[in-house]
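Several structures are given next for inspection.
In what follows, subunit A forms one complex with subunit B and a second complex with subunit C.
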Partner chain A sequence: MKPAGSRPQNLRALQRLMHRAILRPLAPGDRTQRRWTDGRTAREMAESFVKANDRLTALERLEIYNRMYWFRILDCLYDDYPGLRAALGPRRFHRLAVAYLTRHPSRSFTLRNLGSRLEAFIRRQPRWTAPHTALAAELARFEWAQTVAFDEAARPVVTAAELAKVAAGRIRLALQPYVTLLAVRHPVDAYVRAVKERDALRTEASNAAGRSRVSARLRRVARPRPERGWLAVHRVDNRLYYKRLEPAAYRMLAALRDGRTLEQAVARGGRAVTAEQVRTWFELWTQLGWICRRK
Partner chain B sequence: MPANPFNSHTDYGIGIGLRVPHYRHILERKPVVDWFEIISENFLVGGGRPLEVLDSILEQYRVVQHGVSLYFGSTDRPDREHLRRLKALVRRTGTPWLSDHLCWGSVDGTYTHDLLPMPYTFEAARRTAAKIRMVRDFLEVPICVENVSSYAEFHLSEMTEWEFLSEVVERADCGILLDVNNIYVSSRNHGFNPYDYVDGIPAHRVGQMHIAGHTKFEKYILDTHDHPVLDPVWKLYAHATRRCGVTATLLEWDDRIPSFQEVHREALKANAFIAEARAAGPIRAGRPAGKSPARRTGAPA
Partner chain C sequence: MNKSTRLIITAAAMAGLYAGSLAVRAHAAEQAGTPATKDTSKDKSSCSGKDGCKGKDSCKSKDGCKGHASCKGHNDCKGKGGCKSGDNGCKGKNSCKGKGGCGSMDQPKG
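Now for the complex of A and B:
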């Protein structure tokens, strides 16, 4: 037993120590690391503030919280990133997730935001995903966009009729906060859809008698080959959708998103875009409710 | 005392937690349910499906907000933006009271997303009560704090858990969400008598109760909310109902969630224990409200 002087003496000190212990990554076998950061044994550290009882040591009691923390947040990333998990395989995904969550523990009251910095982390630390870093980063961004599309705010839409009344050089529009535009080098939309269909089939198959018949379809979904694409991840009637865009349409929407005037946005489409195309696209985008006024 | 200042003098009966797997059943079949408890954090979003579902539920049902992230016991200051959004949700739902846990879970703005146990000290009680008062004044709704299940105890503690709970709610002048399952789980993990706990809290402050299932391991019990309520918890619930009066009761079932009908059937079992408690009459045990540890030990208020 350590002398009382080494114990945390107040609420803040106790919470800081326990917090550090809980957030520390688990050792192999999902156990608490046996050595504490200051060279003491983890057992000594735990005994400095946690009581043992007749069944569990102080470290074993602390370990319950350490394990629950990691199981909870890893589960959350597993659920939110099925495409990325499939592309990397379970072991590499696990290593990536632990590295990411160690570097970026949750700074939000809600687990919804846990993956908000995953794409940037993947690009900054490519060793966790190499040689598939570009694909992994695009999948992380695409799957985060789905979280955004699911529950981000919607602002009052601008209708086609309202658009027609305003001089194009003056009006500044915006994209709905729940719409994310993506320029990608892999067909991540088709890939994630295939993974989800495979996962759904696995769930069905787990209850099916004739399992052998579906086994061929339960195999790993092949990673997508490079193929450029332009996507909008959005919602309609509160259902998620991915929409493929023409490159010119993507450029126009990106210009609106970035605060350009309507006139400037149309110009970004390029000379090859006809007035008829512009009219058709804006009709569609206003019908989908993507366009709103800039705040 | 079914209704008191801590639940806005409402009498809500038996409710269940609103969970995603039941959305379709509830919205299409519109089953008769006294009330739903929502997890506030699931609806602190800008828009989309969560708020659409919530608004549909609010057209048909009474809703009470239960939170998991206010962390009354954390030494961090409350996040004003979080509180502002929570207040907007309180206005939207018209919740008669709002509950969250007597625990901590964040340090310096980093969240564990867990309900971590408090050291039962006077310093912690004072700070926690001050935070509860601040949140209540900001949200302008009665607050009930819930006892958590725990797996660790601290050398720093100066009193029992129920003395700490009493100390906090008396200082904060708030209500209690008495989680009977959590009392049972902690009693087994720490070796105290759960009936001492129920008898030791200020019964007149109990505005709501929780019941749930748990999982037994070799050396401890885990609060998993993935089973029906076990017999010892029902017995403790009956005792708590005799002690506190018939109180708004909520069944929590958060993992391996069965059909809506099964969850609702399990919740309604509480009626039998309520009837039993009514027939047996109230327990006239001494009310400990005037015997908080601070007053007994003369510690500074």
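Now for the complex of A and C:
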């Protein structure tokens, strides 16, 4: 870098310029765009603050950082959204990812948060996913839920001693932050699992000697047809799971999550649920560690 | 749902909560649902998480990830055509080592 001067504002201006240059979307061929935002050539802009050396021009040196940023964040989305990628196909997924990351660049210390706004972006800008926008948004939500299940915090589970302290009807419990409840219109859980299994088989096949015999079965997983479902995405002993729920169970859990009392939550189950069903559900949810104290 | 039914159902929920809080958790995994992946090595405890922890700084904080080989590759650009230009770009910023792209005065740290 060329010296920025000793004043903090010069350093800040240099950092902002470098930041803008790195985050700028790549041109076709994965190269740095040849024009800067003010109409100058990218070469001129790069030479204004980057030194050339005997092997690389200023622009080539800057391009290393620009490309690296994009390769890295695209790689993260590629890894985190295998279902969405399969539903859209690689080219459309790539276009969606570039559009999304241009609008919502990485702003967190962790790349884990990169996809946090993807579902909202898909709903706001359906042109990237049409005519499969509803499915794409659900897949984005479902796959984001896996990121949450993977590393969101776990709070202390509720204990028998704590339960004994409060009147049953008034007790307010909470769901673990890593548990996401989803009401979906496509069987996204089965679809994403099928895609992952297909991808794993592909990897095995491509590593095997007879890779030319990879069957058509491995090439495509059919997009799911609409079918309503209620899911919890969660983890047990550091392993991720998708659990299908009865609609009444989903409503009760959602009410607990939203801060209702236990009595209010069970009332959400409706008239059809039996006491035995409710006892069984709550026993399992507690065993799974989903139920915790409300802060 | 009338009041007496609601009380019965609430009591059933409390009974479930008590039973679950006293039960051995090991058996719960059997009813946890469908595992996200078949391969148990691809889970949080092994740092591979959902589909690998590439680019996931968050995995650094996981006990299972410390020093795990799969945490490498944060700078990995494989699959993105990053190697086309022949600049050994697959190793991310470190690819400029030896090329003069990152002179010793401004060698990137991450």
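Following the convention adopted for this analysis, the second predicted complex is superposed on the first by the 273 of 295 C-alpha atoms of A that agree within 3 Å, B and C clash if a C-alpha of one lies under 4 Å from a C-alpha of the other, contacts with A are read in each partner's own complex, and residues count from 1 in each chain.
Definition applied: contacts are C-beta pairs under 8 Å (C-beta built on N, C-alpha and C of every residue); 3 or more make two chains touch, one makes a residue touch a chain.
The structure displayed is predicted, hence computed values, not measured ones.
Enquirer: Considering only the touch criterion stated at the top, classify A:Ile64 as touching first (subunit B), second (subunit C), both, or neither.
Expert: In the superposition, A:Ile64 contacts both subunit B and subunit C.
Enquirer: Classify the contacts of A:Met18 with the two partner chains as first (subunit B alone), second (subunit C alone), both, or neither.
Expert: Once the two structures are laid over each other on A, A:Met18 reaches subunit B alone.
Enquirer: Between subunit B (first) and subunit C (second), which, if any, makes contact with A:Leu288: first, second, both or neither?
Expert: second
Enquirer: Check the residue A:Ile73 against both partner chains and state whether it touches subunit B (first), subunit C (second), both, or neither.
Expert: A:Ile73: touches subunit B and subunit C.
Enquirer: Touch check for A:Arg112: first (subunit B), second (subunit C), both, or neither?
Expert: both
Enquirer: Compare subunit B and subunit C by how many residues of subunit A each one touches, and report the one with more.
Expert: Larger number of subunit A residues touched: C.
Enquirer: Return the residues of subunit A at which the contacts from subunit B and from subunit C coincide.
Expert: Residues common to the subunit A contacts of subunit C and of subunit B are 51, 53-56, 60-61, 64-65, 68, 72-73, 109-112, 150-151, 235, 238-239, listed in rising order.
Enquirer: Within their complex, state which residues of subunit A touch subunit B.
Expert: The touching residues are 7-12, 14-16, 18-19, 22-23, 48-51, 53-56, 58, 60-62, 64-65, 68-69, 72-73, 105-112, 149-154, 177-178, 235, 238-239.
Enquirer: With touch defined as at the start, can you tell me which subunit B residues reach subunit A in the complex?
Expert: 41, 44-52, 69, 73-75, 79, 82, 104, 106-114, 116, 119, 121, 123-124, 127, 151-156, 189-191, 219-220, 222
Enquirer: Inside the complex, what are the residues of subunit C that reach subunit A?
Expert: 1, 5-23, 25, 27-29, 31-40, 43-45, 49-52, 54-59, 61-62, 64, 74-82, 84-85, 87, 89, 92-93, 95-96, 99-103, 106, 108
Enquirer: Looking at the complex, which residues from subunit A come into contact with subunit C?
Expert: Residue list for subunit A touching subunit C: 1, 30, 51, 53-56, 60-61, 64-65, 67-68, 70-76, 78-80, 82, 109-112, 114, 143, 146-147, 150-151, 157-160, 163, 168-169, 173, 189, 192-193, 196-197, 200, 232, 234-244, 262-263, 265-267, 269-271, 273, 275-276, 278-289, 291.
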